[in-house]
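What follows is a pair of complexes built around chain A, which joins chain B in one and chain C in the other.
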Partner chain A sequence: MAAALRCRELTVQGTTPGIETGAGFGPLTRHAPALTIAVLVGPILFGFLGTLLPAFGYLPGLGGMTFTLSHFADLTDVPGIWRSVGLSLVTGLVTTLISLLLLMLFVGGHLGGRLFGLMRRLLAPLLAVPHAATAFGLAFLIAPSGEIVRLVSPWLTGWSRPPDLFIIHDSMGLSMIAGLVVKEIPFLFLVTLAALPQVPHADSMRLGRSLGYGRVASFTYLVWPSLYRQIRLAVLAVLAYATSVVDVALILGPQLPATLPVRLIEWMNDPDLSMRYLASAGAVLQLLTTLAAIMIWLGLERLGGVLVAAFRDRGRRLARDGAARSLGLGGVALAALTIVAGILILAVWSVAGLWQFPDALPSSLTGRSWMRAVPRLVEPLTVTLAVATLSAGLAVLLTLLCLERENETRNSGGTRALMLLYLPLIVPQISFLFGMQYCAILGGLDGSLSGMVIAHLVFVLPYVFLSLSDPWRSYDRRYETIAAGLGMGRMRTVFRIRLPMLSRAILTAFAVGFAVSIGQYLPTVMIGAGRLTTITSEAVALSAGGNRRVIGVYAFLQTILPFLAFAIATALPGLLFRNRRGLRV
Partner chain B sequence: MRIHTCLLSATLAAGLAWATAATAAEPDPSDWQSVTEAARGQTVYFNAWGGSENINAYLEWAGAQMVEQYGVTVVHVKLDDTANAVAKVLAEKTAGKDEGGSVDLIWINGENFASMKRQGLLLSPDWTTKLPNWQYIDYENKPTILTDFTIATDGLESPWGGAKLVFFYDTARTDSDGLPDSAEDLLAWAEENPGRFSYPQPPDFIGSSFLKQVLIEVIDDKSKLLKPVDEATFEADTAPLFAYLDKLNPLLWRGGKAFPQNYPDMKQKLADGELDIIFAFNPSEASSGIAAGELPDTVRSFTFSGGTLGNTHFVAIPYNASAKAGALVLANFLISPEAQARKQDPAIWGDPTVLSMDKLDAADRARFEALDLGIATLRPDELGPALDEPHPSWMEHIEGEWLRRYGAAN
Partner chain C sequence: MDRATGLRLENISISLEGRELIAVDATIAPGEVLTVMGPSGSGKSTLIACVAGFLDPVFEASGRILSGDTELTSLPAEARHAGILFQDPLLFPHLSVLDNIAIAVPQRISGRNERRDIARAALERVDLAGFGDRDPDTLSGGQKARVALQRVTVSEPRLLLLDEPFSKLDSALRGQVREMVFDHARAARLPVILVTHDGADAEAANGRIIAVGSL
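Let's look at the complex of A and B:
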């Protein structure tokens, strides 16, 4: 995604009005927007209905033919249910708040500086690391028997065995928040990078600085309000994700009780099948919880606005902001460091022989875990690659057609279209996946490759669109004007000029989609029906066994695949268009 | 509108399924020749818990044998909870998919079996006693083969392996003299060693089994456990159990505010030194762990002299399985002397056999006698008496009560 976002800045700003030259792609592009909306909204609507009806007691297969509110009454009787709701709500809000504040301090404090550029190069690839792998890595680092304690034991701590400390699965959800923050910072950072060019930040910063305001103050007073408006939907997506996440919560989250989404999955999987009503009612509660989190967030936005205004109107210069700048830098750097260290420790565990506490390194290395895993990896790996390639490819195709339609009509659909795009990212997956699974069974699509591609497409498409639309829209159309002036037809212009010039952005968007597909856990489990497994679903299933060596193998692979896709996306245009100087790497 | 189409397609699907069901003949296990012929070329989706590497590796071997010997492809669908597969079969029944289901064979016992049997989700009638290898099964001496958690198996599930609750400890850290010999002892041990014992969080199968072990030891009248739970006396019957847990839980690892996920997780924690006493349902779990480099070779086993829980685990075929013939052939292969001997080898898996040594011929018996059960495995005569599983309703009730009391412990 980074490269795509960087393209956004590198390409010439300001677009010239398009010129209509020759015929467009006709029906293909004309129907593309409608088709895209159907792909995004259809499954959500359908799935949500399939969740809503059982919640109110209607599930013919289980004999539920009458509508009732009793399942919601049962839900309120579940022990600790309100604590679960509260945990989801608070972890979601705290995660978003910490991620956003650290990011704001860092961007404000270092925008345009040397460290900013360094961090951009460091953080960008980290976005490709799946959530589950990040969570495993963090767990292997901070657990009482984890690497950090091992490194300082026993010489510093005197511990010859792990202390009985409550770190992973702690009841306040702190380690879960840490795992989420570490992963959300790179995401928000890259969204911010994409939005920055649309805000006159350099002039504003100069103005603020020249009036004696500190960096962070200048940024917060002058740049942040308009910048925040640009990244707001992405922030809400982070909030929604953090309130409804399953895989990270399973790996790091509290257990007694667990957060709401984890309990929903347990009920859904209960051998007592009547629990499905409860699970469906719980899914509705999850939707309300996420909604409540968004409402509270909107309140926090107001509060933040008032605070900033109060400081600004009193003319607080906050010139000595070294501490705040360091906090921002430290937080962001720590996030990056944690992800990298986590991946390294996963890699070491994957080749570890016997490795007892408090040894900092395994007493022997062995390829045994990999040798045992490889034959078993073939199938999930094939499915992972097939689903990721197909869903990302389809998403890129739909996006290109939609954007080309935009060129033809010069109508980008505005904010309403953007809202639709964010819909799958903001509505909690779990609230419509139950119903989607039910409908997939009815349509005979459960456990089929096409069903899984459709399910993944819902979540892949928004990211691909967001990643590709900016470079596409900021593409300097004067090239096309020149081409038209030289007598080139519309189709030819697109294929000979526009697509090659945007090839890197297109391939990067593909890689983004690929990475998103690889990271999908719930849609894979729900629609894959156990017949189709991916590296991610296998990794989370195996995590139940707690075998660090096996987890190391799967989580490491899970991380490597998106990196490969990004590497290919970066290298391919240079190879394909060797004869074009401007496209060389 | 959407729902309307949904229902319409459900009706259509059900209609189609009925039509195909009428034409496709069910395999008849008493005509074994025809079963193996029908099985050739089929793919069997074996839904089995996938949390243990040595079991997964064993199933790969079994899959390779099935291709070689019968031309049947086996796909191991790795579950993190068997209930998922039960839920899947039910979801299919719900959607009217009575043919061509996604689960062909399922690793099962206890409450999951009871649930599937009750809901009519299993292939019936009796097919297990018609399997050719049934002749070797030791049902005379292993009553849990015919009675799964007090529920009659009625030939709806085929035995696969035996299980007995066994405890493990590391002699490098823990003195073997002070080991507990009963649930009551264990509580005293935990008082002396706070934070060094725990059990997997119910409803994990092994965690719930620990609760049953304690219940059997502390309940006033053990015969109550053979019958379904009596709601009226449940609270009084389980009062000693929960009094015990009220005392034990604060002494557990992390003060009972978090629990291990399952027994492999406990195994990792024993290796890390977080836990001092762990347990599993497989007597050779420690030897396997040592062989796999997961545990140090100083780990040893012990049981309670008053007995520990024992049971049998099975495989069953859902009523709507796509590859019933293939599933029958696989179930039969899994109880062949060849497959059972390999399964009992701790270097492979170490799961106790369900076969009777007396019924085997000399060559097959020699396969079992040649096994080195491993340094940390107790001999069969050291395992102590086996306690019978209570009726499944006890497990469900205790799990519910446990969750109610401790599920929101924080």
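Let's look at the complex of A and C:
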């Protein structure tokens, strides 16, 4: 007992001395984790409640005071509803499966090789490209009058007019799957890169290959199981996203019938307000659809595990894996190429003058599309920048306070905290954004900047946290020990030593948050209530019109903004700390 | 450095999950070195963390640490004025060489120019005049060690904690830096705790030696 008391004397209240004193951050950091959880979970909880109640007929604003199942009955009577559900389910699962398999073959086949490093440099910036811009770029490439057909016409195909083919908006959702795969591969690749250092991959690969196993086999048997465990939540996020995506589905997806989320948005925007009951019931169905996709995926995980084990237990060397390696490389390279080519073609269309089929390039260039767009661009651009800056800034601030709190308590919250972070990425947006809109209306926040910032923050915060936590946690704490030994208080140490040293990571996290906010479509249209629009919501709205020059302007702009943020994040520390070799990466 | 006081470690005991790692009861006079020797993993560095005020809460510690009449155990880390040198010089990479030292000058000296003058004088003392504007990462290993020592010095520490500070230096440099640090501690009349696994360090320290863990 006496020893325990003494222990307290030595370590001041059982925590790190020098922190729970007047010099520390006190209540600011103490309440940060709770505040962050509230920001993440609060909107989801209230939003889901606001979706669930109208689905069962309770919506006082529209006179719905009694609980009923009739809206679900109506839902099952909607023509083609099960086909829409099936489309969402299948496109989600196929997208995730293709992305993950290609990535696995590529990483397994080229880990540590020269091409791996090349792809790493190429793919990382592509993560910043918003989904909608990627989808537009793909559409401009593969449409019947798109660039690919133009390049091979008429000399190869004999076509002097666009062929009568349903390439985009195909009823099987193939072009939509392609658009999603292209965008999810860079995401999964970056998540994998972040997880790799925690897995002893180099030794395992060397060991496997010295036993005669091929690269892909060594990777799959020895590295993949522990690697997959690390990236699993991100894979589920991809799956949930692909089953419930709206913007990409509007641009590339099937139309008669459309995927479930697209139809929900139509109902939600129907002038007949009573359709909102149906939309809410549909949003609950969407949640169940995504849940079903996750269940099926968990089954596929089992199946994959059994398959891998079967091959491994038979000692299959699979030494001649050239074809598999090429497939992985080809898939990943094609994804990168598609995004880059798509951005280029968007840029060309935005400045195209006369451009007749089947010319591969416009016969003249003009700034007219831009000149005409500018007056209408100013407002959405201002809103876009304001919301992105504010939500990313708030996310960085909350993250820093949480991480500093973690520093004080040496408790990171573990797996539970990680699950919480992924919650907004795994629960389909649409299933709680309907309700969030009601809450926003009740609170007078719909169509307001603050409402939009709050809505974006829910999705920005997880990415900012995930981006910043690794560099923060791997910071060499001895610098702070030294600083304290020099008599520097906690505040001074954080502001003079830790934050400047981590400035690159902090700015990068900000840019990540900024890019995520720019790309948000659904939260923007739901909370913006038509009064506040962003470049992204305007671009997607233009997709129905099919004016490629105007779409080119909006989608290109949408791509440029996150790139600018990343460029600034990279250049600023270099400028502030030029001549500081130790801070270079 | 007129406040030379000794350091008293009174019945210090550090344990992990009930297993005692270190037990020390010692008085270190100004200018004297207490050497703690042991293999890596023996927990000898926890003594330094304990004195500095950075002991991880997973460890249990008891006892009292006194610097003269001041009890350090009840003070937060930044009020203990326990200067530390690690095996890496750990110069702050975002600050110039001069600012690395200037940031350590006690806060009661608040004038920017005054602080920089102190730092400049400190650089001159170790033949690094004119290095102030340099990027710390461009210095040689020996130069970095000298800057690190001056950084601790200008902070006017009560005592000096050395956590294997010479182990990463090559053998030619090691003797030189060791001599510099010990000479400095003696001149400044600082009590020193040295943690090392190198017998030559312990010999050069020329003080009491405590062995930790089974060798």
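What we mean here is this: the second predicted complex is superposed on the first by the 556 of 585 C-alpha atoms of A that agree within 3 Å, B and C clash if a C-alpha of one lies under 4 Å from a C-alpha of the other, contacts with A are read in each partner's own complex, and residues count from 1 in each chain.
Going forward, a residue touches a chain if its C-beta (ideal position, glycine included) is under 8 Å from a C-beta of that chain, and two chains touch if they have at least 3 such contacts.
Since the structure is predicted, the reported quantities are computational estimates derived from the model, not experimental observations.
Enquirer: In the overlay, answer first, second, both or neither for which of chain B and chain C A:L354 touches.
Expert: first
Enquirer: Touching A:R372 in the superposition: chain B (first), chain C (second), both, neither?
Expert: first
Enquirer: Is A:L49 contacted by the first partner chain B, the second partner chain C, both or neither?
Expert: In the superposition, A:L49 contacts chain B only.
Enquirer: Which chain makes contact with more of the residues of chain A, chain B or else chain C?
Expert: Comparing touch counts on chain A for chain B and chain C gives B.
Enquirer: Let me test your reading of the model: by the given contact rule, A:N579 touches which partner, first (chain B), second (chain C), both or neither?
Expert: second
Enquirer: So, does A:R496 touch the first partner chain B, the second partner chain C, both, or neither?
Expert: second
Enquirer: Touching A:G530 in the superposition: chain B (first), chain C (second), both, neither?
Expert: In the superposed model, A:G530 contacts chain B only, not chain C.
Enquirer: Would you tell me which residues of chain B are touching chain A in their complex?
Expert: Spelled out, the residues of chain B in touch with chain A are 2-3, 6-7, 9-10, 13, 45, 47, 50-53, 56-57, 60, 75, 77-88, 90-97, 102-103, 111-112, 115, 119, 173, 194-195, 201, 253-255, 257-262, 264-265, 267-269, 271-274, 293-294, 296, 396, 403-404, 406-410.
Enquirer: Provide the residue numbers of chain A that touch chain B in the complex, in ascending order.
Expert: 45-46, 49-50, 53, 59-62, 79-80, 83, 144-145, 160-162, 164, 166, 168-171, 254-257, 268-273, 276, 353-354, 356-357, 364, 366, 368, 372, 375-376, 379, 437-439, 441-444, 446-447, 529-531, 533, 538, 540-542, 544-550
Enquirer: For the complex, which residues does chain A have touching chain C?
Expert: 2-4, 6-7, 9-12, 14-21, 23, 410, 476, 478-479, 481-490, 493, 496-497, 500-501, 503, 577, 579-583
Enquirer: What part of chain C is in contact with chain A in the complex they form?
Expert: Chain C residues touching chain A: 13, 49-50, 52-57, 60-65, 73-84, 86, 88, 90-94, 103-104, 106-107, 135-138, 151-152, 155, 157, 161.
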